[in-house]
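Shared between the two complexes below is chain A, which has chain B as its partner in the first and chain C in the second.
Showing the complex of A and B:
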C-alpha cells in the first residue's frame, strides 16, 4: 500500500537530552565565533585556550584538522603578501592578528560539525525558523565535504591543463586572477547547478508537504541497525 | 489501471526557446515497464520530471495523474541527490516530510534497503558507498514511500554489470507488485528482460521503438612502440589507515600508442588508480609507480599528460568553446590554430563562439575532451568517458582517440565493463581485490 499524504501522524522528537546538548553546543559555538571578532585583543589568549580544548575534543571525535591547517596557512600567506604590498613591512603584525581572529572564529564551527550531527542541528533550527530555512542550512553543511572535494579536483584538473595556479605560482598576485577564473568560477557554476538539483531531489521526496516534519531517530536500539 | 496520461503535451524552457517536445501522447498503466531512448539532450530527463510532477515550468496539453498517486524519481547522478550523511537518515527523508513517527520509520527504511539489495548498517556513512550503491540508495529513498510509479534516469551508466542484474530483479519484483516503471536509457538492451514498451524521443517527437543511429566509427587497432610510459612493480593500493583496496601481483607496463582498458565493478578503485597515475591521489601509501620515468606528481608532466575525470563539464570556465579548447595551447605555448582545426574536424565548428556552459551534456563532454586532445598529450587518462553518451557522440569520441593514437599517445580508459569490439592492447580487470592485467596480442586485437 502506498503511503498516503493524508496519513498524518504526530511527530516523536529525538532524544530530548541530546537535543538540549546539541542546542547548548550551537550556542557555545556561536558565542565563541562572535567573540573571536568582537573581543578585545588582550582577551584572545583566553579564547585560544578555550578553543584548544574544543580542538582536542573535536579530534577525539575523529575530526581531521589537516584541511583547517592548510586553509589557515594559505590565508596567512595571502594576508601577509597583501599587507606587505599595501602597507609595507610596518603593519604585518596587524595582518597576523586578523588571521588569528579568523582562525578563532572558524574553530568553533569545525568543532560543532564534528561533534553534533547535522540531523540534530536541523532539528534545533527547525524549532527556531521555518523548516525550509532549516533545511537549507543543514543541506549546506552536508554539502561542505562534497564541495571541498570538488574544489580540490577542479584545482588539480586545471593544473593538469596548464593553469598557472601551482602553490609557487600563486605567490605571484598576477596569477590570483587565473585561480579565480579557472577554479572559483567553475565551482560557482557547480554550486548553482547543485542547488537546483538538490531542490528537485528534495521535492521529489515530498519536501515541504507538511509545515512540521518528523525526525529520523539517530539513536535506536541495537537490533534496529 | 491508468496512473499517468499525457495528451498532446508540448514543453519548452521559455517562450523564445525551441520546443523540447511537441504534442506527445503517453499512457502509463500499473504493472508496466517502459524504456525511453533517444540522443543525448533530447529531453528524456525533462520528460521524466514532467511525469513525476516536478516540472515547474508551464507546459501545453493535458496531463492526467491518478489522485493520491505517488511517483518516485531517481535522477541520473546520485551524488547530487544526497541530502543526509547516513544511510538510514537518507532513506527516511521522505518519511520525515510525510510526518511519520520515528517508530514507523525504522522498519520501513530497513524494508526499502532490502528491496534494492543494499545490506549496510543504517548508520553507515554515505560517503563510503560506491556510486552504484548510492544509486540503489536513491532507489530505496523513493521506494520507502511505496510509490505506484518509479522513474529511473540512466541507471545503466551508473551501475556495474552486477548492479544491472540486481536492478533488473528489483524491477521485475516491482512490476509484479503492480508498480509502473519508466526509465530513460542509452543502452536499452541492458533491461530487455523487463521492459515491455520501448519509446524513442528524438527531435521533440515521442514514438514507439528504440532510437538507433546509423553512424559508427570504431576505435582502430594501432601498432604500438616500445617506449615505456607507465611502469609499476607489484603493489598494494591502500588508503592510509585502511585495508588494501586492491593488489596487483604482476608488474605493469604501458607503452606509447597502447590502448588499455581498466574495468571493474563500482567502488573497486578504477578512478583512484587513474588519479594516482596522474599524481592527484593523496592519502595513499606510496606506490612503486613511474610515469615518464618519474614518480607521479600533479602538474609535473605539463603537456605530456591529460586526464578526463567523471563529469568533465566541471572543468569548463571560458566564455567560448574555442577559448576553452585553446586554453591549454596558450599555456603550453602551442599554436592556437590547432583548436579551431580540431573543432572543425569533429564537426563542432559551429559551436566555436558559443558559451560552453549553454551546451548539452554530450557537447560539454566532447568539448572537455577536445581541450585535452588538442595539445596531443603522450598519455591520456579517461575515467569512465562514455557514461551517458549516445552513439553520435561515441563516434566523435572514437575520432579523437584514433587521431591521438596515430600520433603515439597511450590511452588508459576506465569503465564498469569490458568494451566489446574494441582493439585494446591490454585489459586490466579489478575484481575481488586484485588487479589482473591481460595482454591482447596484436593479431587478436586486429581480429575484433
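Showing the complex of A and C:
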C-alpha cells in the first residue's frame, strides 16, 4: 500500500540527539583520517590504538571487515612489489609505513559508514547544502559498492575478450585509449542509466515535490500492516 | 508549495555528476600511492570533470562535480589532504570552470578542453605551492616543486582531456547525451 503524503512529511527517522552524535562522529572520522597523514610516526601507535577501538565498535555494529582486509592486503602486496622494483629492498619499510597510514586513514571512514546511518549523514549534509545535492551525495555513496562491482565485471570481461588493459599493459600510455574505450565508456553508459533510473525512482516517491525536506519512513506505519 | 520546476540541474544530471565524482574519488584512492607519479590525479580530475561538462552541457557542472568529489572524499575519509581534501578537488574544478567561461567563444572544443585542463593543473599545483610555503619551505624549493608538479600534472591533465571527446561522442552516438545546448552541436 502506498504511504500517504502526511506520513512522508511527518516522518523523522533521525532524532536531534542522534543527529548531533552523527555530526560528532563525522568530525571524529575526519580528524582521525587527517591525523593518519599528518601525525608524526611516533604518534601512529596511539592512533592505531584509538582506531582499534573504532574497529571493534564497527564490527559490533555488524560491520564486515573482510573487504577492508582484502583491500589492505592487496595494497600492501602491490606497494611492496613496486617498492622492490623501483627502489630496491632498502625502502620497503617506507612502503609498509605508507600502507599502514592508508589503513589508519580509511578505518575511520569504514567505522563511520558502519555506525552512522546514511539517513543521518544525509540529514547533516542537508543542513549544509541544498536537499537535492545532499540526496545526490548519499545516493552516490550508497551506490559505490554497485559501481565498484560494475567496474570489476566490465574490466574482467574485457580482459577475457583480449583487451590490452592488464596492469602491466596499462603502464604503456598507448593502451590508455583502449582502457578508456573498453572500461570507462561502458561504465559511463551504466552510470547514465543508473542516474536515469534513480531519478525516476526518486520522483516516483515525490522527491522534490515539497519545498521542505521529506524522508521515506524507516518503519511501516500501522495502516500498512 | 511545490518545487517541481526548480532551477539548476535536473535530478538525473545531478545524480550523474554525483556518480562521476564518487567514481573519481574511488579511483583516486586506488592510485594514491606516492611512487613518483605526482600529478596522476589530474588525469582523473580532468577526465571526469570535463566528461560531466560535455555530458550535462551546462556551465556549473565542473564546479558541482568538484564540490561533490570533495564532499564524498571528506565523508569517506579518502585522500591524503585531511581537512584540506575538499579544496584539493574544489580548487581545480573552480579554476577550470572560470577558464571555461572565459574561453567559451574561442577555438574548437578539443583545444578548449585542453586549455581548461591545464588551468585546473595550475590551480592544483598552486595549492601545493601554498602548502609548501606554509610548512616553511624556501621560495626556491617551493617554486621548483611547483614547476615539476605543473609539468607532470599538465601531461596527465592533457591526456585526460583528450580522452573525453571520443568517449562523449560515443555516448552521443548511442543517444545517451540529450542536452540541447550549443555544446551538443559541437560534439
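Note that the second predicted complex is superposed on the first by the 136 of 225 C-alpha atoms of A that agree within 3 Å, B and C clash if a C-alpha of one lies under 4 Å from a C-alpha of the other, contacts with A are read in each partner's own complex, and residues count from 1 in each chain.
Following the convention adopted for this analysis, a residue touches a chain if its C-beta (ideal position, glycine included) is under 8 Å from a C-beta of that chain, and two chains touch if they have at least 3 such contacts.
Model, not experiment: these values are computed from the prediction.
Engineer: Taking the superposition on A as described, I'd like to know which of chain B and chain C A:139 touches: first, second, both or neither.
Structural biologist: Both partners, chain B and chain C.
Engineer: Would you sort A:198 into first (chain B), second (chain C), both or neither based on which partner it touches?
Structural biologist: In the superposition, A:198 contacts both chain B and chain C.
Engineer: Should A:207 be classified as contacting the first partner (chain B), the second (chain C), both, or neither?
Structural biologist: both
Engineer: Quick one: classify A:185 as touching chain B (first), chain C (second), both or neither.
Structural biologist: both
Engineer: Now for A:166: first (chain B), second (chain C), both, or neither, which partner does it touch?
Structural biologist: A:166 contacts chain B only, not chain C.
Engineer: In the superposed arrangement, which partner chain does A:90 touch: chain B (first), chain C (second), both, or neither?
Structural biologist: Neither partner.
Engineer: Touching A:117 in the superposition: chain B (first), chain C (second), both, neither?
Structural biologist: First partner only.
Engineer: Between chain B (first) and chain C (second), which does A:157 come into contact with in this model arrangement: first, second, both, or neither?
Structural biologist: Only chain B is touched by A:157; chain C is not.
Engineer: Of the two partner chains, chain B (first) and chain C (second), which one does A:62 touch, if any: first, second, both, or neither?
Structural biologist: Touch partners of A:62: none, neither chain B nor chain C.
Engineer: Per the definitions at the top, what is the overlap between the chain A residues touching chain B and those touching chain C?
Structural biologist: Shared contact residues on chain A (touching chain B in one complex, chain C in the other): 139, 181, 185, 189, 194, 198, 202-203, 207-210.
Engineer: Which bits of chain A are touching chain B when the two form their complex?
Structural biologist: 1-12, 14, 117-119, 139, 142, 145-146, 150, 153-154, 156-164, 166, 181-182, 185-186, 189-190, 193-194, 197-198, 200-210, 212-218, 220, 224-225
Engineer: Spell out the residues on chain B that touch chain A in their complex, using ranges where they run on.
Structural biologist: Residue list for chain B touching chain A: 49, 52, 54, 68-70, 72-73, 75, 77, 79-86, 88-89, 92-106, 109-110, 121-123, 127, 141-142, 145-148, 278, 280, 298-299, 302-303, 305-307, 309, 314-317, 327-328, 330-332, 357, 371-372, 375.
Engineer: Where on chain A is chain C touching in the complex?
Structural biologist: Per the stated touch rule, the residues are 26, 29-30, 32-35, 37-38, 75, 78-79, 82-83, 86, 98, 102, 105-106, 108-109, 112-113, 121, 125, 129-130, 132-133, 136-137, 139-141, 143-144, 147-148, 151, 173, 176-177, 180-181, 184-185, 187-189, 191-192, 194-196, 198-199, 202-203, 207-211.
Engineer: Can you check the complex and tell me which residues of chain C touch chain A?
Structural biologist: Residues 1-4, 6, 8-23, 26, 29, 32-36, 47, 51, 55, 64, 67-68, 71-72, 74-78, 80-83, 159, 163, 166-167, 170-171, 174, 176 of chain C touch chain A in their complex.
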